[in-house]
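In the two complexes that follow, chain A is the common piece, with chain B as its partner first and chain C second.
And then the complex of A and B:
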């Protein structure tokens, strides 16, 4: 390594040492998990330890956001290069998100893990997975970044196939590991291009010194979108999410969906905003397009699913789309000379990262609680859980409202900020962006509306109405640890929604480091409002909305009880002359989605409905079935696998050549290479 | 080498002559379609190799190369040809004509290969000194001709001979480069010897099982397309 790289090395800080200590402690817990998996004390030991470590690391990272960047070189890894570590504001933001999400998952796992029939397949990998994600965020050279990235992928793969006896889980693991390898390959190529620009230095510092130019930069952007997008779930690289997230145990699903996708977002931000130099004017366009498509396709697919965890996995794709829209806007504004607007868009994206981590973890915990209580993930076998599981029902209601972007919760605050950035787009000089950004804004509005429908459906079918199966009728509220984890996350959602100004202010060091400008300070605005651009344009006050909502609801309730009737009466509803209707006559998940399925899903998703009517007099019941496909499978992956199969079939003849033909192959390869050398040098 | 009584020009010419002789003998081997004749030519090539290496030892003033020359002379010119000779006699295949591609095209391909290796080497090594350059070009030719021999022959014995001749080219290249340690040469010689023993054993095993040493027969037994 050149001496200059060491001379410019940042000093280490206490925060960095805490983060490193956390990684070491998590790895030690992983080793401990191997040793103690079969003992009854293993579960509380591992999850309790992971809870303590991630809590400390998360709080330390929270305070590290405003601290100056710290760095360190450890003499590990490739000789002469070593392992470069760095903790700046951006990695601190993501470290906080990951470790606090990890702490919630560990707390939940304390209770949820009790029902695991094969703890030895989960306990060692859970802390290893957390350690891998932490290492990605600390890495400051391409080698350790890719190594940690791959470590994270493999640990989470092991968790996906933990329950390998259940149908489909092994296939989910296969699809996941293929997509993860593809993503790592793309990132490796991206880093290769970045390192080539800096004369082969693999440290990020060297890459920052010599950012790629022209076609190289475009290639780096594409590869970063492929690599990070395949991990985050951008369409059409999203196919592994709805398979792998439901397959893992619920607290791991929460980590993978709520937290690991954020590591992918971090990778994208690190490569595109930090290492690739100043953006070109058009860089925002592909990112915006990918984000808009992911948002709409993700939420439409979520509406078509009948499995609670699959709904949540597809909803993750939608939210990743929203985050990428924010990032695309930030790129577009930053490249066209509007750093203040870029700061707004980037803040919105980072805020949504935080929010989505909280609410998606909460929703997966809720789905896991329902799974524990009823033994099923199928919405059509649930119903009426609000009576049997009141605490879970309340926190799930908060989670569903938050992810549907209802004020005064946190989902609204961040999506509102993204829209504020969209509304600034008429200032952009390039016509392509001027036309594109409002279109993406429209897609986003559509996605937000559909997300509300999706979560009304999820909550209504699972928690309201009457139980559709004996399992749902006999459900029991989950244990205290799981409830505590869910309540903590729900409180986070409410707090971040009521007081968005403080969150926005806390994010500014990371934003300022990336786009060179920060949003105006929100903490000093009167009445805890937030004013993203100017008071004349827009402002939002979560507390006010909350107070208004609460007050008007209270008034309405009081008025109804006061002026209508005080008495609570229980009476059968009007039943069209069919008393004691079966619970199966309620709206089902499929019937609730039918209008949207018919309007939106006929073409692209090829949604079809089939009704089998028995002939008059026959005693068989009528049957209704609906089907839909994922266009990514139909148009991309199935043709791709068919092509691979075809080539493999053709190449199979190579297994049956004679010895002389093999020698001939070697010989002609040698001669060909020599010919190339002779003709081209 | 300056202090030698013989002028550098003569050193170069003699080394050139021996290396050229190796290439020429490779062509001779390509031309043989009877096994005994092939083995005789192979022994002749080994003698030429020994002379070439010995001349390098003298020219570079590197006495350990004499050991290499000795190894080449004893093993490649005597032991291996005699052993192969006896093997062919015991297998009773000395009358077989066994070229897969006829002689004419093979010779033409060989000429093209020599031209190719000349072009590649002269282009790739403009900085090296002339002796090493020429030596490397000839050595590459011998290697390629050995490979060509392995590809165009059907009989396992002549494939072994092709392999040995390829190895002759490697030794020629190695000794042309100055400063090659003796250990490397001895280990190369040993590995060739062991390869020879292994191949010899396999030949008899193949013969025992399939009643022929025609490698195409092996493919027929394997279910491939011959």
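And then the complex of A and C:
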């Protein structure tokens, strides 16, 4: 009851009711999934239903971005407090991303789910996972936020261990649930500190009224980075991500990597930008550092992996790093009195949220298609799929180019905006930031270049060249549902890249609500260019770049075919006169990464190469092996688990005491506590 | 009418870069030959080579995919557009705002992305070797280039190349940061164009080659397009250095025909001097081992970063 006094309750709106209805429908689908999992109609029913619900919810959320905020209190949850719900521009942006990503995953699942040998372990949890993510975005009090967050984590955990017979999946599930619990704990403490300021109010409105100050605010920022960062995959809390995301079925991998990490980004934005009051000048520094480190470490690790889905999972860490760089810049600008620059940085981050959701879902769908067609995720068993899977090859090429930030696709547009924000930062007064920002800019540029290398490798090894295994040689194109989902996402990538101005304009209500200023309207700029600050400063026109390039290519093709030769003769490859008949002589995933491994990964990742060359005349084969480690495991988690094991070992003796010793223990504990109490007061 | 004139000037620039690119390569080769006390081929030889390649049939590897056949056109188009966006004889052309220096860098990156993919398409070991080394080199050259862009943009308060050139033309004085950026840009230009000491454009059948290994399977008109793209790229980097660091003679925005003519003459002069300098540099230095290249480019990256940091710390350095 005390909460009601803090702020006038927002009126409910149609959009909020649609969103709530979507949650209810998804939960109902989850229940239906339990009942119908074993029937042949179960799969089309669940995925078709989820597709319809998320499509409606996503489109409704798109229109809700510009609508006024709506709120509602449901008499559920803790008595006298209830469940507070709210749909403002920020939640609407993320609701749109999540539901449209969910719709694509459902469409893909319609076809992909056919190959699932244990549908009863996937069908109930898939809609439940979607419902959990939707609830997190609607929650407007700490209790329902944490409850939905945990629900989302548990549903996704169930999906991670869906294929529990495959090697490594159970361990992935264990690491995931441990890290998820840690993250929820950090968020719970953060909300506790936030609620302390408002005298114990659980509702976000009460927290907004009395934001934390000084050390408490710093602690909230730290806890939010730990809690949301562990879910999003910030280094070094990322260790679960490359294990868990690939373990799930591919459409769920897409949801976890493309969509659930965005819920974590939302949690971070909600706590730090909205609930913690005005930021201090230095808040940007840890966020920028975390983002820069995650970007470079993520992409370097991706380059060292041989498993297609694991490459994509590590690349997610890189992209989350880019998003956090944008958020860190926004915090720095907003705290130091540059709201227009903060709006640019925040827009860039939100734009990249949208872009990464589309690209990464697309790439995971493609990896799933390859898995269906060949039965393997190992790049070194693939090759030549461009001949066998023409449609998948085209959309994967678009996805790889987009995530490598190549113009005119969408990944470039959002990275370009982040670079523009970096270039505004010499105005910042604080020295720490002045030195930090260019260094982070360099890290980001390095990450972008390495990402291009990473996706040349992924595409080149898996789709080009000659097949390296009989499975790859006999691959078949995937079903129409999967193709439709991938084509829809590829179209999104192209459209958002060609017309970035409209996306930027659509994001402005959310940006304005958080930093108090918006970017200049882009929709009315001539030729559909984007001009983030001023025309003399910078502008970019994806549409014209595309048109000019396409026109030049066409012109060249027509001119050459008309006036020069168009003769083609097929012949064996040249290869400097010594073509090797064995497809295994091609560059493999490991050999492609060898130069980069040697340049970048020797120190931190301890990448080593070992060649065993038998002496002349010996009949044993020569062997080459390479190894690398994840520094987070080596320096943080393995020592940590060793320490926990050591303490547990020592404490184990406490379980074998006599009754007298136990009584003595209880007595001394009592005396000690009384002493503490006596000295305290 | 005014619009037509603008489009005419832009079109002239597009055709100019296309027409001059082989000549520039011919000049470099001729100058190198003279420095090595050879007669060398005529400066027009690259044109003849292109025409000969265009007339020949394409010999396509049996398992080459459609991507292999599309890539030469894409690479050529992306490089041509990028080269046409760099001011050559005049600033403020009508489409100069389409893409800023970051986008031009990324366009070159796109061309390289597709060329590296094409190198892996046939499935030969030489192609993979070239692609793998090319992306290793670019993974350092690209961030170095972005750092140079940062330094230039912080001086000119713009990433628009046309605006940067105008600011430089108006004079910004001698600056340490710009000196660092110039050195870094020259190093990146050497690496991007696969010139000595990073790569040798005239090598074959050597394990040290990078770019040539990547395009080994190409022939006929496809090879012609790729060669032309490489020539355009050399021209692009020379124009970039010229318009930013020696902008004198560039026709300013709204200049008439005399201004443009002066711009053309000075551009030709700058290219000739540039070609000569490239030849002298290549003749006086030995090619380095592949794994020394990261040190070389790492130095470029650090110089660029240092220049940027100086500008962050003080607006006048």
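What we mean here is this: the second predicted complex is superposed on the first by the 661 of 681 C-alpha atoms of A that agree within 3 Å, B and C clash if a C-alpha of one lies under 4 Å from a C-alpha of the other, contacts with A are read in each partner's own complex, and residues count from 1 in each chain.
Simple rule for what comes next: a residue touches a chain if its C-beta (ideal position, glycine included) is under 8 Å from a C-beta of that chain, and two chains touch if they have at least 3 such contacts.
What you are looking at is a predicted structure, and each value in this text was computed from that prediction instead of being measured.
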Quick check for you: in the superposed arrangement, does A:535 touch first (chain B), second (chain C), both or neither? second
State whether A:615 touches chain B only (first), chain C only (second), both chains, or neither. neither
After the superposition on A, what does A:670 contact: first (chain B), second (chain C), both or neither? first
Given the superposition on chain A, which partner contacts more residues in chain A: chain B or chain C? C
Could you say whether A:40 touches chain B, chain C, both of them, or neither, answering first, second, both or neither? neither
Regarding the shared-chain residue A:603, is it in contact with chain B (first), chain C (second), both, or neither? neither
In chain A, both chain B and chain C touch residues none
So in the complex, which bits of chain A are touching chain C? 383-384, 386-387, 397, 401, 404-407, 412, 416, 419-420, 422-423, 425-426, 434-435, 437-439, 441-442, 445-446, 448-450, 452-453, 456-457, 459-461, 464-466, 529, 535-541, 544-545, 548-553, 556-557, 560, 564-565, 567-576, 579-580, 583, 585-587, 591-596, 598-600
Considering only the defined contacts, which chain B positions touch chain A in the complex? 100, 113, 116-117, 119-120, 123-124, 144, 147-148, 150-151, 153-154, 159, 215-216, 218-219, 222-226
Inside the complex, what are the residues of chain A that reach chain B? 656-660, 663-664, 666-667, 670-671, 674-675, 677-678, 681
Chain C to chain A touching residues, read off their complex: 54-63, 65-67, 73-74, 76-78, 80-81, 95, 97-100, 102-103, 106-107, 109-110, 112-113, 116-117, 119-129, 131-133, 135-136, 138-143, 146-147, 150, 153-154, 157-160, 163, 204-205, 216-217, 220-221, 225, 290-291, 294, 301, 304-305, 308-309, 311-313, 315
